[in-house]
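In structure tokens below, several structures.
Note that subunit A is present in both complexes that follow, paired respectively with subunit B and with subunit C.
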Partner chain A sequence: MTDKITLTIDEQTVAVAPGTTILKAAGQIGIEIPTICFHDYCTSYGVCRICVVEVEGSRTLVPACIGKASEGMKVHTRTKRVETSRRTILEMLASSVDLSEAPGIQEYMTDYQANTQRFPEARERKPSVLDDNSLFIRDYAKCILCWRCVQVCADDAQYAYAINFSKRGYETQIGTFFEKSLPATTCVFCGQCIGVCPTNALKPKREYLLQNGLSEDEIMKLTRSQRKRRTRRQISSAEQSEEE
Partner chain B sequence: MENVDLTLLHPLLEKFSPEGRTALLPALHEVQDLYGYVPEQAAVEISKSLQVPLADIHGVLEFYSLLYNAPVAKTVVHVCTDPVCAMAGADSLFKVMNRKLELHELEGEDAPAITLEKAPCLGLCEHAPALMVRDKPVAPASPSTWEDIVTGKTYHANPIIAGDISVLTAGCQRGKPSKLADYLKVDGYSALQKALQISPEAVIAEVKASGLVGRGGAAFPTGLKWEGAAGAAGSPKYLVCNADEAEPGTFKDRIMMETMPHRVLEGIIIAAYAIGAPKGYMYIRGEYTIPYRTMSQAIEEARQAGYLGENILGSSFTFDLELRRGAGAYICGEETALFESIEGKRGFPRAKPPFPTTSGLFGKPTVINNVETLCNVPIILNGGAANYRKIGTEKSPGPKLFCMSGDVKRPGLYEVPFGVTFRHLLEDLAGGVRSGKQMRAALFGGAAGAFAAEEDLDVRLTFEDLRSAGLPLGSGVITVFDETRNMLDICLRLARFFAEESCGKCYPCQIGTQRQYEILQRVVRGDPLRDDFQRLQDLGQTMTDASLCGLGQTASLAISSAMRLWPELFQPKLWY
Partner chain C sequence: MTQSDRIVSTTCPFCGVGCNLELHIKEDFIYRVTSPFDGVVNQGNLCIKGRFGYDFVYNKRRITTPMIRKTRQQPGERTQAFDLSEWQPVSWEEAMEYTVDRLVEIYQRDGSHAMAVYCCAKATNEDNYLLQKLFRSEFRSNNIDHCARLCHAASVVALQMAIGSSAMSNTASEVVDSDVFIVTGSNTTESHPIISLQMKAAIKKHGAKLIVIDPRRIEMVDYAALWLPEKPGTDVVVYSAMAHVILKEKLYNQKFIDERTENFEEFAKSMEKFTPEYAESISGVDRNLIVQAARMYATAKTAAIYWALGVSEHINGTANALSLINLTLLTGHIGRRGTGLNPLRGQNNVQGASDCGAMPWHYPGYMSVADEENAQKWEQAWNIEPGGLSRQLGLSTTEILGAVGPGGVRALYIMGENPMMSEPNLNHARQKMEQLEFIAAQDLFINESTSFADVFLPATSWAEKEGTFTNTDRRVQRVRQAIPPVGQARADWQIICDLAKRIEKRLGRPNSAFWDYKHPSEILEEMGSVVKDYAGVKYNRIEEVGLQTPVWDDQHPGTPFLFSESFPHGLGKFHPLTYHLSAEMPDAEYPLILTTGRVLEHWHGGTLTRNSWMDDLYPEALMEINPVDAASLGLNDRDPARVSSRRGTIVLRVHVTPKVNPGVVFIPFFYGPAAANLLTNDALDPQAKIPEYKVSAVRVTPARYEELPQPEVAQRRGRY
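Coming up: the complex of A and B.
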């Protein structure tokens, strides 16, 4: 595969290897395209659509993170159409979940002059915090459904398959088998999901407790007893304690 | 945890076990048929037997609205409240039934075990208002239907099948499935015999020459699609028939399957021969229990008679077809979501490319065609492409089925050659607007379509004429609204439909359909915010431009067309 493909992005010509995405091709010439769901170590499914660009001859916009470069392609990364979609997507996100701990997305909001109050009276997604293990909490009111945690838990890394989706559409949430607590699932507490979460929806327990005003000492005590409880539980039947 | 008797489950799972994950939906359906819902313990057993992670089973259970993971009443009553049924009084029907149910419950002891649910379009629009009672259609329904439900009686009226021509519907009799013997009387399976005598390439050439394009909505040239899959690397190849028909207002595929199952089947077998597929799937929407039954009977008959199975009609061609039931998800009509569903997953559409012809079901080259598309195939091969092209227009050859519903005198299925006018279809065939009223609008193409108005009455029904009129043909569905109808209420129902049916994969549609619904609620209440018009426009543009699949890309089209036709409805006077 030595034959290169030539395309233009924002009037600049670039040659890339076949199979290169528009996102990577743009990166080669220093053109930055915003991304949210994209992660170098995860399979790209193109869910957030913030990376959309205009490709001449294409009816709809094309997601740069999965769209492949092709010979003679003409790409425009910051047209009015592109900006409307990106801005509106950001505004929709802001109307749905708590982005206070997602600095990357906040930066985009400024960049695209997105108005966080664009959709007044919108129903937010506000489930309560799930605190069911000693390693991390799950605060899905911050979850933007980027899919990364589900992916690393499954075929992209850990093959633990502890989490998947509940419901569908706007109601979608990350969930476990019959909404069980994490210790009652196949979760191995590898922490990979925490590592890829872009919004702090998945947060180490320590950080969470500190934020909630607990002291280091109190935290040590708390997590130690929790850890003990878990061991006891594992010794007794795991099945029974699920229902507590 | 609830206690369920698992002994019944094991023989059932043994049957599915060798198939693995692809058997997940069939297994969940059978488990639900057994217990009335899918108990947690049964889900654990399925997980072990099919080797599917528990969390994934949960994800699938949660995706499909006809699957339950908690006990429900023995009789589930689904009441369609989408536009056509709403105009026929579905909302008050729902209220009346709900009140009767509450009364029963108050009285205590003899309360019937009934769960009442609102449902998206059930594909029974020509008999609105429609219900589905314990998987069986009841239409048209009336408040007195309640007594029948309590006593377990169900019925469903026979559809009107009429039109200018009878090509696709030749031999179709109202309310009576044709048996193999009936089909043989109308040249049944002679096209298959002809096809098997020529090469697959020659079959594809004939279909290409006919100018047939897909009737599922996207109007892609069928011969070209077949050629793509036939020439693609990878094996086996698959032929999939899309019978998920769930576009509000559409019922044509249901009637074809109910009355002419063998014509559908013959089309499928010829298509499979043309692309070299040894195996096919037919995915029928979960609500269509009667078509499922007529198709299974037809498949059995065809197998006995040697039209399906090994060495079909003595040739070297071997093909078999498996029926699949959907489980309550409009999005599974989208071709790649349908593949995911057959593979035992949530119905998330895949990003394209790659296209199905190179990487479809199980990642193999696949042709997926709509029921009506495939019904055209035997006709093309029987009479030849040149004869077929005598029907319709130069650019839109062939016969077309139209589903007429709403405020027309004779709602039903009408077969016409492409090229007749909308006026002809409405006035001459469907009897005009009901009760001598004027037409206010007509929705072309279902929820994913656009509104036409009075001035469009003389548009010719062809792909080319409709395109220049800015109207979609979609799958051939036209819903008519008379002058008294509240068009905002109709828009609100369409918005609700998309918000409920969005799969949630991509942000523009996941959030956009919900926000669109919320804004329309304000508009209908009569107190929109100042910028709601602009907000709707930006949402619409973003969904159309940036959504991953056709659902999001069309979710705002009908509403935008309403905003163009009747801007005053969306903006109270004061702001002009």
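Coming up: the complex of A and C.
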């Protein structure tokens, strides 16, 4: 089909090919819609809802990353309702997840004047760092469950199917089947998951060690057993002594 | 959060896919590797090696000071020196002068034929061009080769014979445009991981059908419509039986045969004997599978063939590759997107090293050294007196070691290769190394080969130098210096130029072949001035995206797929074929067939990957053996076993798995302490001189734990 669809976004008219998402249509005329779980090279599932927009005639807000443009559609990307919704999502994320290494989300916080202390009663998600191999660590205290790592581990790239969601509700976390260590799974250590992680929850081991204050020299002098196991205890005991 | 000082774009130093990398660096420490999602080669995807495998750069075992052996080595009594106490650290000046003294002494005493060099499929185009230039222009020797001889020599020879080219005809990512594709002799998920992702996507998302023809139940079989589990060494029979079916059922492309090929009649006659029944009796593949595979390939709109060393590393290697080419010519599946003959090259720059003339029979650009006109062109380019360059074909990799001895090869210069892991029949190779009069090693680590050297010249890694690699689909891409040289290491091209100038002066050559390059870009331009495929490859054109050769001039856009109109030979030539047994067949004494290959975590001889943290995930070689064979030998999974061939013995753990068929065992060849190549056969394909790595007869018996090189048990992996 070559016929184009015409819609208006924030009072601007735009013509797009059928099948185009609202997000891409807005991008064509320079209107930026915030995204977190969306990634150009992953399948979109509309998980995080930060990209919601108001569509006239629609009862609920529509996620722009998966909502398709249609003929005559009237979209508003920054109404009060949209802003409130986005702000609330950001505030809820901030209440339970460590976003210290997610500069993109922090920018949104400022942009939407999110109050990071809005939910003081919220329980922080603080699982300990999973450090079960020499190549990368998984710090799910920083995980916002965007699902991108699971997608690239599966049909979006690698077809390895080593990780998925585990548990339910608040306890939901990305994990391996039967909570096996990564080397014991079908993981091929391609690190596609690291490549798409928006919050640095997944991190190469040497970067992690560097962040934990080890010098290049100290890192490269670690023995095989140290980099596989002992470093974890060393680091967690260092963290403990700091807290004390 | 770690803030990078800089992010440097470069090309992966491991396999031939040539993935685009971004190195994140803080205080000269590479702490993270990413890849741009809009990258043409790998679309943001990497494998374990590209993502994590670069830490060999910082390994504490790396040699970063020039060294000379403390004890002068005598031919016949040469030893390996793994311990640093046996080496004397010296200045670059001293190391260079020593190297020149020894090389020139041997050259002036014994002549050109005493000199030999192993170039390097891991080094850049510029490094390889210069090293072959040095040996050709100064020592007048064509004893120049590199490990391409050990991987795709048979494919190159066959492609040259049939169509006059020797590279992948199409771009790997075009597989999504194939309706049907054959993967044979390639464990793609482990050896070319990113191409395997494109293959999986082609199947899962674009409806392509895959035919796997391989003795092992490799991971790609999970995605295949058909799997033809042939016995190792029977490729000619299987592919020719497919041709037989296509001929018999008239599924061939008459128009293509008429317009684009020659020698059809003679070829068709030679295929008569290859009935599916005959093929089944030889290869063990069900005749119906052969018929189905033939129909599927022949009737597809677009069909491609991808192969690797399982096809070429046989004494029948050239015939194996020719039988694939025959299939393609028969069906006309070439010269369009999503079709083609696609030998997957193993190393980051094996295509480039070959293009750059790191070969005994060819100058850069596959120009035969025996051709007078070619020799004159290079004499002109290198300021050499007319008739100065040798017109004699040089010795190939395995022949170089074979020729070591009085009156033969006396001096060997090794850049980055590890023949003491990669040659077949290593006990024989060892004797030859011991007999050399002089060995110079230009490398990063003391490995099984450089430990034999008299002088060690510490080279920079790929992250410390500028240059280009040419990947498996002929794309010339930039390699960029990301960090300063570690220690006193120097870039290979600089070491070679320094050495060449000293040799030139010592020999009193009247004219200089020219070694005063300011930047590697000038080296590539010099080559492009003679080699027309590279004429338009200029650094300023490949800053963002690499160009696919041939690139005829500065305006030429490069060539994603070849042969749309004609072949370099004009017509493609069918070759009649016959089947010969592998050189060594199993018998009562050595009842199993050993075949060798790679694993995901390691790369070739393992000089780089055994010095990376990746090694933690696969620290020792395991021998795959079928449960039936294991049971009859009383072996359980991970038990130690002794494996012997007529040439050597190793002890390693077994992995009991139906991935290999009964009667066949598989050992990856990266592992020094139990090197698979101690067992392999050095019988050569008569045309391509490639050794038969993929078939040797072995005997397996249980061993004791204390005989294992690494008795402590390694962590179990889910995927092995």
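Everything below uses one rule, namely that the second predicted complex is superposed on the first by the 222 of 244 C-alpha atoms of A that agree within 3 Å, B and C clash if a C-alpha of one lies under 4 Å from a C-alpha of the other, contacts with A are read in each partner's own complex, and residues count from 1 in each chain.
Just so it is clear, contacts are C-beta pairs under 8 Å (C-beta built on N, C-alpha and C of every residue); 3 or more make two chains touch, one makes a residue touch a chain.
Treat the numbers as computed from the prediction; the structure is a model and nothing was measured.
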> Should the pairing of subunit B and subunit C on subunit A count as a clash or a fit in the superposition?
Replying inline: fit
> A:205 contacts which: subunit B (first), subunit C (second), both, neither?
Replying inline: second
>> With both complexes overlaid on chain A, does A:18 touch subunit B (first), subunit C (second), both or neither?
In response: neither
>> Contacts for A:135 in the overlay, against subunit B (first) and subunit C (second): which applies, first, second, both or neither?
In response: second
> Can A:168 be said to touch subunit B (first), subunit C (second), both, or neither?
Replying inline: first
>> Per the contact definition in the header, classify A:72: touching subunit B only (first), subunit C only (second), both, or neither.
In response: neither
> Is A:185 in contact with subunit B, with subunit C, with both, or with neither (first, second, both, neither)?
Replying inline: both
> Between subunit B (first) and subunit C (second), which, if any, makes contact with A:118: first, second, both or neither?
Replying inline: first
>> Quick check on the superposed model: minimum Cα to Cα separation from subunit B to subunit C, whole Å please.
In response: 10
> Touching subunit B and also subunit C: which subunit A residues?
Replying inline: 162, 185-186
> Can you list the subunit A residues touching subunit C in their complex?
Replying inline: 40-41, 100-101, 103, 133-136, 152, 155, 157-159, 162, 180, 183-192, 194-195, 200, 203-207, 210-211, 216, 220-221, 224, 227-228
>> If we count contacts the way the header does, which residues on subunit A are in touch with subunit B in the complex?
In response: 45-50, 52, 60-61, 63, 66, 68, 81, 84-85, 88-89, 92-93, 95-96, 118-123, 144-145, 154, 161-172, 175-178, 185-186, 243
>> Using the touch definition from the top, list the residues of subunit B that touch subunit A in their complex.
In response: 1, 40, 43, 53-59, 62-63, 69, 329, 346, 351, 353, 499-508, 510-515, 518, 522, 529, 535, 538-539, 541-542, 544-548, 553
> How about subunit C: which of its residues touch subunit A in the complex?
Replying inline: 1-2, 24, 26-29, 31-35, 37, 43-48, 51-52, 55, 58-60, 189, 193, 197, 200, 204-205, 600-601, 613-617, 619, 715-719
